[in-house]
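You will see subunit A twice below: alongside subunit B first, and alongside subunit C after that.
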Partner chain A sequence: MSERPSLWWIDWRLSRGPLVREATGRFLFFCLLGFALLSLILSGGAGRFIADRYAITAVLRTEVPQAEAEGLARKVAALPPVRSAAYRDPEVAWKEFLRAYPGMEPLRGAGGNPLPGYIEIRIRPERLTGADVRLVTSALRSVSHVEQVLAGDEWLPRLLRAEHIVSWAFRGIFGAFLAGFFLVCRLQERARAVALAGDFAFLAERGVPAGRLAFFRAAGAAVSGFLLAAAGTAAGGGALFLSLRTFPFLENVIGPSYELILPRTVAAAALFSLVVALLSGAASLLGWMAARSRRK
Partner chain B sequence: MIEGFRLGVFSRGATIWDGLDFAFGDAAAWLVAGPPSSGKTLLLSVLRGERRPDAGDVVVSGESLYRGDASLVRAWRASCGHVAEHATADGRLTVGDLFRRSAMAGGGVREGERKERADRLLEMVGLPGATEWRVAELSISERVRACLAAELLRGPKVLFCDGVVAGAGIPFREMLRGLFRALAREGNTVVLAERAIPERWALAAGDGEPVGPFRVYRLPGPAAAVKGEPG
Partner chain C sequence: MTRGTRRVLSAFIAAAMSIGILFPAAAPAARDVAAELRRERARLIQMKEREEKTALELTEALRKEKLSKGRVGEIQERLKRQRSLLSRIDRKVSVLNGRLGETEKAVRELEAEHGQARTGLRRAEVAAFSGQRAGAGDPWRPSGRERERYFMRVYLAADAEGVARITMARERKEEELSGLERQVAVTERKRTQEKKVGETLLSRQEEERHRLADIEREKKRKEKELKSLRAKIARMESVVSRVERQVKERERRARKAAGGSEAGKPAEVPRRFASLPGGLSAPLAGKVVTRFGRQHDATFDVTIENRGVEIEASSGASVKSVGQGEVAFAGSVSGFGNVLILQHGGGLFSVYGRLETFLVKQGEAVKKGAAVGRLPGSPSGKSVLYLELRAGGTAIDPTSVIRLDR
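Showing the complex of A and B:
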């Protein structure tokens, strides 16, 4: 037998029952938290919801030929903040107008269609900021074919501020749940450290340094925290994927399911698991210290 | 060899003892007898490297425990077994758990091997099939023997037993004597602290050496015991 006993998973070896119960509870919690995190990442808080409903309209001059208008739409679509730019010719514009205001057919008298064509521009949810909207509108205003740019300049700043507040509120709620996890985790770790105090004293009496015990307990908690968070987030992601597939209308609010496997989403989930690992390790250390100070 | 040089301990506002010299040779069983409150438990904790003496030093195999490297104390403690006078009464633990944590302190033993050895050791101390018993439900005698068996699982080079002979009770004294002799024969050192040496043991061990409030006996091996013991 070696003189330095392995202290990896020491809590597991000393007290399996309570640890299994705790791990099951944490896994279920991470499933919910993972679901919420991925929903938050995909939706960008309220960003996607608003971006889906916000559009910049570039009203073209009446004499602009269709080919040039479509070419302009393609150029606008190539701007980084733009998600889509679609040209609507005067006929489509007229039909849309009639759908919105039925009974206005007499307006189209001898003079023909009074409406010009226009380009409808939608912004990427993550780029829906005042600066990016200004970038697109200023680019459009400099084009001679464009008669007018309608971008909601009066109310957009207020809308963006509201979106910002809502997004931060969502993040705050998520952070509060994470903080709650940390507090509960710390209490559980402390209770376990108290329950196992006799075993730790036994080991310390037999030459196992208390610092080493605390370190390996924290390391074990961090590793298990990482694995549980990763597994919980994966399960939560799976549930979100199924939800988006089953209820397509959710994609308008949360986002398309394929974004779940984008590198940035996976990186965010990995970062979340790392944060949970750090919190678990810290909770273990704090729980250990609290249990020891209580004994003293 | 465990040596104590000019050991002194100050506790509860008084000097318990001072200037005591001890020498416990290897591969032998030793018994330190002393009256209640004479500091036997304290002496064992000083010898185990658990409590720094207020005067003097403990030297193990030529190395100072308290003036040397801290890693030496840890290594020394890791090589020691200890059965306390008030063995654990943790209601959560079963006898099997005592073996589990003892194995852990020893660096881990495979589960199958641990169970097999635990069964053998429990049978040896008169507790066959006690693995699932709760420690809190054991009598003092059973508890002491279970703790002793659990310590032996690791095969410690040095075994410190505090009040084990008295705790185990008269019916188990001779079994314990045989066990300590066997351990000594295998090259281990056993240091017992008791209020009094059992009569039959004293006949074999002689008068012992007085050291402060204590009397230190070297328990003879089987051959010497046969010579010294009547009947």
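Showing the complex of A and C:
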């Protein structure tokens, strides 16, 4: 009876040692890439960094009572693009002013505190766009209590453009690493295919179709790639979690650690693993084909 | 001339007339009495002259006193007004000084505040400039920097507004101050002037008081003299009355001695001037300057009893008899110069005073309009005749019986 042998994990069965080394290397690489991926997802490129530094200031009229100012701040905070809106009374404004311009304190006695209170509005990082900022500022300007809206009209477009460039640069770098992984992976697959060419020829002589062999090899590479990517991303996420907990200032740049377990983050990690699986499978197939063409 | 002087003078004239009447008609038996009367008259004339001199001096002293009192009163009134004005000016100056002090204080405060504000503004500008240069606040927080810059603009605007407000307030206060200073200067000048006027008035008042005191002393002395003279005149009046009675008694005796038939006749019945034959004519052409009877002198505030009138005429003019008669007396009377008394019979007499020369003699008969005397010459070309008419021992108004210009 001719029993057709299982071709799953054929490479593992034929060349275990090199494959362990490759798998170890890829896992470590995916750890780093996963760390970078999650950092990128959480930070939105430079979006969180920029959003954390950008704020709209609604300067209130001097005669606005504190209660009304606080009520206005609550209403502004309810706007969709707004992450937070905090009222600062004239005293706080004066203290901040004195911190920024030391040495002005003695002048207060001469004319009192001329500064009004204000509301500081921070935008959600993912909503930090020109349209959302305009939405908030136009809403603020329509309020009679507001004397002036400071939204960085002059420099905000430049800032947003810079954020866009930086974010795409990060994504490009990440993509480049992914492409590098693909190339390295293809070379490794080709080299292994060449190294196992005799074994594959033996199997072919016994009636195993070359296509089937290539498919199972690619499927094995994809599955292992997915698992390694998922494991590496999870490990990278863990490392990121620990880093954020250890160094809280990183949260200002990357984001809060709790966002790591948000569904969108998990979904992104899963998608990343899937892409890696596809790339691994493709690299295996291309490596097989490259080895076959060389043999001919 | 005072009322007392006039009274004394009238008494003397009456006495003189009595003497003038009695002497020519006296009987030989009464010659010793007439001699006595002449002596008495001479003595009386001397006394009258002294009295007249004293009266004139007293009158002058009174006039001076009145004038001086008037001046002192006027000066006192002016001084009172002056003091009231000075007091008002002082109050005004005090109020102005108070306001000036307050305004100066306010200006000083504003200047200090202005200086502080300007220093503050300069420091704020320096701080703003330094902050701008150095990048105030966290450079990684552009929004914060934008807010800080905005607040710095607000601060600078408020500071500049404060400086402008203080500058304006100071300018207003300085204007007010200069206005007040001008006002104070004007008021001070006025006060100085008024003080000068007050001092002048005070010195004048002092002078007037001294003068018044002198006059008072003089007045007291003259009053004393006058009192003594009046006593003498009273005594002289009683003597004249006594002599008149004696003359009448002698006439009665003479008539009795002349014949039994005449002795039973009563004394001649007094007549009226209107019943004189040919009537009366004016003694000369002139204007009446002093009227008969009680005349009030506004200058000295005294009432004078005039027993005759004074007629102003050309110097050296001839004085004519007002009616037919006989010279009863021609001699000097104190205060009236040369006096001529004409007897018209029936108790009627006309008296002509202030004559320079007599053109008739005592006892001479004169017709109506005959020249009896002449007025003295004077540098002004005008002289005054005293004319008195007496009927039955009583003076009557000459203008009531003679047509005279008034």
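Quick note on the criterion: the second predicted complex is superposed on the first by the 284 of 296 C-alpha atoms of A that agree within 3 Å, B and C clash if a C-alpha of one lies under 4 Å from a C-alpha of the other, contacts with A are read in each partner's own complex, and residues count from 1 in each chain.
The definition used in the following text is that a residue touches a chain if its C-beta (ideal position, glycine included) is under 8 Å from a C-beta of that chain, and two chains touch if they have at least 3 such contacts.
Since we're looking at a predicted model, the values are computed, not measured.
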Touching partner for A:Leu203 - first (subunit B), second (subunit C), both, neither: first
Partner chain in contact with A:Ser144 - subunit B first, subunit C second, else both or neither: neither
Which of subunit B and subunit C A:Arg53 touches, first, second, both or neither: second
If touched residues of subunit A are counted for subunit B and for subunit C, the larger one: C
Partner chain(s) touched by A:Arg13 [first = subunit B, second = subunit C, both, neither]: first
Subunit B versus subunit C as contact partner of A:Trp155, first or second or both or neither: second
Set intersection of subunit A contacts, subunit C complex versus subunit B complex: none
Touching residues (chain side subunit B, partner subunit A) in the complex: 48, 50, 73-82, 88, 90, 92-93, 100-101, 104-109, 154-155
Subunit A-touching residues of subunit C, taken from the complex the two chains share: 113, 116-117, 120, 123-124, 127-128, 131, 136-137, 140-144, 146-148, 150-152, 154-155, 157-159, 162
Complex interface listing, subunit A residues touching subunit B: 1-6, 10, 13-14, 195, 198-199, 202-203, 205-209
Footprint of subunit C on subunit A - complex, ascending: 53-57, 59, 93, 96-97, 99-104, 106-107, 110-111, 114-116, 118, 120, 148, 150, 152, 155, 159
